[in-house]
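Next come the structures, one after another.
In what comes next, chain A is part of two complexes: it sits with chain B in the first one and with chain C in the second one.
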Partner chain A sequence: MVKLKLNLSRYFPYFYIFPVYAFIGIIIIYPIVFLIALSFFDVSLNLRYTFVGLSNFERLFRDRKFINTFKPAAIFVGGSVAGQNGFGFLLSLLLNRKVKGKEFLRALFLIPWLISDLILGYMFLILFDFHGAINDLLKYFGFQPVNWLMSTDLAIWIVTLANVWKSSCIVMAMHSSGLQSIPEELYDAAYVDGASLWQRFRFVTLPLMKPFIALSLIITTVATFNYFGVIYVITYGGPLDSTTVPTFYMYRWAFEWGQLGYASAIGVSVMIINVILTAVYIKILLR
Partner chain B sequence: MEGKKEGRRDYLKTVGAAIAGAIIGGALGWVAKPAAPGVTETVTVTKTVTAKPTPVKGTFVMSYPNGYAGHYIHLKEAFDILRITNPELRPEYVGKTWGEYYEWLLTVFAAGEPPDMPMIDCIWIPKFVELGYLEPLDEYIAEWPDWENWIPTFKEGMIWDGHVYGIWLNTDARVWWYWKEFFPEGFPSTLEDIIDKAKRLKAEGKPQIATWVGAAIYPFMCIYCSICPEDRLKSPGWGLFEIKDGKLYPIFDDEYGVRSMEYILEMKKAGIEFIDIPGFSASYDKFFEKKISALFAGTWMSGQALARGYKYEDWEKYFGAAPWPPPRGGRVHAGIPGGWVAVIPKNAKMPKDLIWEYIRILVDESVVGKVFAELGYLPTRRDAFDIVVEKSKDPFMDDYLSYFKNVYIRPEITEWERVSKAIDDAQWSVILERKKPDEAIKDAAKEVAEILGW
Partner chain C sequence: MKERAADIVTYVLLFIWTAFTVFPFIQLTLTAFTGRTFITSLRPEYFTLSNFDEVIRFAGYSYVNSLITALGAMIINVPISSLAAYAFSRFNFYGKKLLQNFLFVVFATPLVTAFIPLFILFRSLRLINTLMCLILIGATTPIPLNVWFAQRYFDTIPRELEEAAMIDGCSAFRSFIKITLPLATPALVTMSLISFLITWNEFLLAVILISSPRNFTFTAALTGLGATYYGGFRYGILAAGSLLGLIPLIIFFALFRKMLVRGLTQGAIKG
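And then the complex of A and B:
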């Protein structure tokens, strides 16, 4: 009797952590496994599956339209990550100083993040439309209006700008918490040693902010690579696919053209790229 | 005015609409209606109510694109009649914007939770049929004499693999709406004249002419249908394809396709503005704010004017409506009409007989005549035209109907979304001067051939 009790008690910890593993399994592991499995099937929205092996991937690597999505993706991700982190870090530095009402300003700067993509998209549509406010301003100052959203070169920068405007504040919030964790004494010691403002930033702030910067770079890169909300509303991938990023291309295959298998193959490719990007960041920034 | 009547007569002749006394009788108690056009107020919607031995309880879910309130009014009008015999039936109206509606429908159908009676865009039917989402209506149709009143184009458009999958509720013609103050001489009647007018507007610094670019219709198929041989348009390939080895093969990259693209380039160079899909909704405001002087959209512009407070009686003072002007020597047509279709989902929760009864009320000519006359839609059944014309206060209604002299519907193929995107890309390549017209259309045809499995 005693022996049985002891044996059972060995397994108690597993019972305690089982809900967490079950949750992770259902919410994270199952969808990933399902996505990977789906990429080996020809399946449309009627959910009839035909096993096709690697042919979705073969087709993907021959699909010029898919390959072409990486050019706008590079601008969208590169521009957004640089803009969000640069602007967000700058804002956090400014708000880390003794500024009157800085808590209010922090809350104010978070508003863009709270705005839905639909409203944000329409705001930028109204601003950058050929008959929109920006062109009205240009005309007022005697310049020719620009067809921002109908230009294959400019449209991607407009959606990037919209994304920077939306998400810089969340980077600001992440960096603010990092800045607040740096002990004031370190700045005092550097000041006593004669360090200039730039030197204090370069040798105190930056090294101690490195883990926060790395984390925010990883998060913004992966988040932007997976995101196409503003693209959907502002340009719908156009003109001429110049703003079609891989995830939006995946979305169209899944929900517009109804080919879930092929869309899943795109999804798996995007996931692999995200893993590689994250690994590179970790390797470079946290070594 | 005489010309308008003439146009209407032409239409009626074309569609064989002189149906005297549409018979809607039958075992379920439908009654014969007086011969059009002598329809009077005595035709009331309540006459169409059928006796149901066992009233149905529960929530009856209907979905519709809510770009304009008209669909909701139509659904509600019919539901109020259905509820007379089913007093414990509760309505749930689900409205979605056009863009999100398609994806929402696909998602709820795939999840096995479709609305009981969704309105579906006519171009989505092949996809929904292929996915096995829709109930064939053959058995209901077989016992429904009204089916004979449908204009053949709108009847045939619902047949897939020999089965009927939907009832085409309403349609539209694609038209230019224009501000008369910028077109005192009237709207140009040829494409060459439009191009000249655009140049003049540009030189005078006045608001420009604008057209949507999308679904391959705007403006490519409008031009293409005006100039390619008519027998081709009536062929099973809808003018764009020929049947080769039992499969569709693109032929739109010939001289007519190239010429259509050349016209698009000329239009662009003349200053005409081209509007991409995300800008469609905003283009109504631009038109009514006079930022553009003419907009090529559809007959639903009537609804947009009403929604902005323009009264019918003032319209002719401000606006005009005109069909797509063909190139010199080309033919006038109704554009490529669209419209919304009533269907019965296979997984509908409500009894299918009840849904069918609701659909019959929706398309009863007295309901259609009443609702469309008020809201500016065009009917798809011949016997409703006269009622709509009789009751409509829309000053352009006669014009709209006259454009139906030549009606062509767009291809009903499952791959249409990808095919139309390839053609749209060709148009944008020309508009943005990335490709020459012949190169653009040939590339599109090559891509379409691949999409179609060549």
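And then the complex of A and C:
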């Protein structure tokens, strides 16, 4: 009897963790394995499957529209990563100084990250609509109004701006805990040696923050590459597909044009790009 | 002197970012109460509550749906996350490190790639069009963040307290429920807020998985209600609906600002 009890208690931890992994298995792991399988089929919205082998991928590589989605993606990812990391790091540096109301500001700056993509999108629609607040202000100060969201050049920058507005704060949050881990004595020592503010930043802060910066670069790159919520709301990929990024293209093939198999092939290629991006970054990070 | 200049620059830059953060919210509020998207020539007589009236009349129920979904996800997520976190914090077992690292991988996995299979999965389970599928997804997505957060908190609670209870005849599970969990209340609050907000804010999955209007969450309902026949938007409606959608966040910030910010800043390091 005692022996049985002992044997069971060895497995207790697995009972504790089982529910979490059951949920992850069903909601995340199974779908991703299933996605790979789906990409070899022709699947319609009423779920009739026809095996087509690799032809989805063949079609994908010849699909000019798909190739073209990488141009807006480059701007969206590049602009967002630069903006979020630049502003986020700057904000964390500013809030690391002796500032009044620091806690309040940190909380305030985090709010954009906590609102729904839908609300985020509507906010920027209201601001950048042709009859919106930004053009109203431009006219008030005597400038020509700009048709922000109808321009194939500008629209992608507006959604990028919205993404920077939303997620800079999460870079700030990452870095502020990193900055707090730098011992005060290092700055004092540098100060005694006569290092200027810039030199203290360049030779104390920056080297010690390197791992945090690398990590936030990975996270923001991968997150932005997969993100299209704000694009869905503000431009819906338009005008003329100028804001259609790969994940949004996948969404449209699946749920608008009902070709789940072809969309899954797009999904698989998105996943492969994710793995490559992460691997490259990890390699740089570990060097 | 130089330090003073740096202080001034600091305050100026912080002021600019504050303005940048706050301005969209101000414009949203103005639009919700006036129906106008401009700002320079607003007049008091534009003030109206009709946008709120219309949203509540035609989409009020969708906020209730969102609330049910978010609460449901929270009620599932917080207990299972804290159970797992407790096991990781207190026990040593075979494969522990691997399973923990696996959570990192899950966290980095883009959920977008699961949209299509989830749609098919819920369709074959006949759960599509129900709030249940959003609840199940909402119970899952915050798992890595919440397990990690709870584990860090449990690590700070001394084991001796549980051991004392176990000597008095408490089982391991009971001492977890009776001793550890009450001590971890701040962590549990943060976890609840995070999982509630993630599900409350869910928008793309709500649009994909829910097609019958009576099961719309507020995010799905607003996309329909705010559109016009000729392809434009009725901004007053969208703004009023968005403001109503911000109510939980406002309440959380009023009541639990410290816990929420701490949870997010610490959660962010893990990333």
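Keep this in mind: the second predicted complex is superposed on the first by the 256 of 287 C-alpha atoms of A that agree within 3 Å, B and C clash if a C-alpha of one lies under 4 Å from a C-alpha of the other, contacts with A are read in each partner's own complex, and residues count from 1 in each chain.
Heads up, the rule we're going with is that contacts are C-beta pairs under 8 Å (C-beta built on N, C-alpha and C of every residue); 3 or more make two chains touch, one makes a residue touch a chain.
Here the structure is a predicted model, which is why all the values come from computation and not from measurement.
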Simultaneous placement of chain C and chain B on chain A, clash or fit: clash
First (chain B), second (chain C), both or neither touched by A:H131: both
First, second, both or neither for A:D188, with chain B first and chain C second: neither
Touching partner for A:Y16 - first (chain B), second (chain C), both, neither: second
Which superposed partner A:I115 touches (first chain B, second chain C, both, neither): second
Chain B versus chain C as contact partner of A:Y236, first or second or both or neither: first
Chain B versus chain C as contact partner of A:E58, first or second or both or neither: neither
First (chain B), second (chain C), both or neither touched by A:W257: first
Per-residue touch tally on chain A - higher for chain B or for chain C: C
First (chain B), second (chain C), both or neither touched by A:Y30: second
Partner chain(s) touched by A:M150 [first = chain B, second = chain C, both, neither]: first
Overlap of the chain B and chain C footprints on chain A, listed as residue numbers: 47, 125-126, 129, 131, 233, 255
Complex contacts: residues of chain A adjacent to chain B: 44-47, 125-126, 129-131, 149-152, 233-236, 238-241, 255-258
Residue ranges of chain A in contact with chain C within the complex: 9-10, 12-14, 16-17, 19-21, 23-24, 26-32, 34-35, 38, 43, 47, 87, 90-91, 94-95, 97, 99, 103, 105-119, 122-127, 129, 131-133, 136-137, 139-140, 165, 170, 173-174, 176-178, 196-197, 215-216, 219, 222, 226-229, 232-233, 247, 250-251, 254-255, 260, 263-264, 267-268, 270-271, 274, 278
Of all residues in chain B, those that touch chain A in their complex: 102-103, 106-107, 109-110, 127, 130-133, 273-274, 276-279, 282, 286, 291-292, 417-418, 425, 428-429, 432, 434
Residues of chain C touching chain A in the complex: 2-3, 6-7, 10-11, 13-14, 17-18, 20-25, 27-28, 31, 37-41, 76, 80-81, 83-84, 86-88, 91, 93, 96, 99, 103, 106, 108-121, 123-124, 136-137, 139-141, 143, 147, 172, 197, 200-204, 208, 219, 222-223, 226, 233, 235, 238-239, 242, 245-246, 249, 253, 257-258, 260-261, 264-266, 268-269, 271
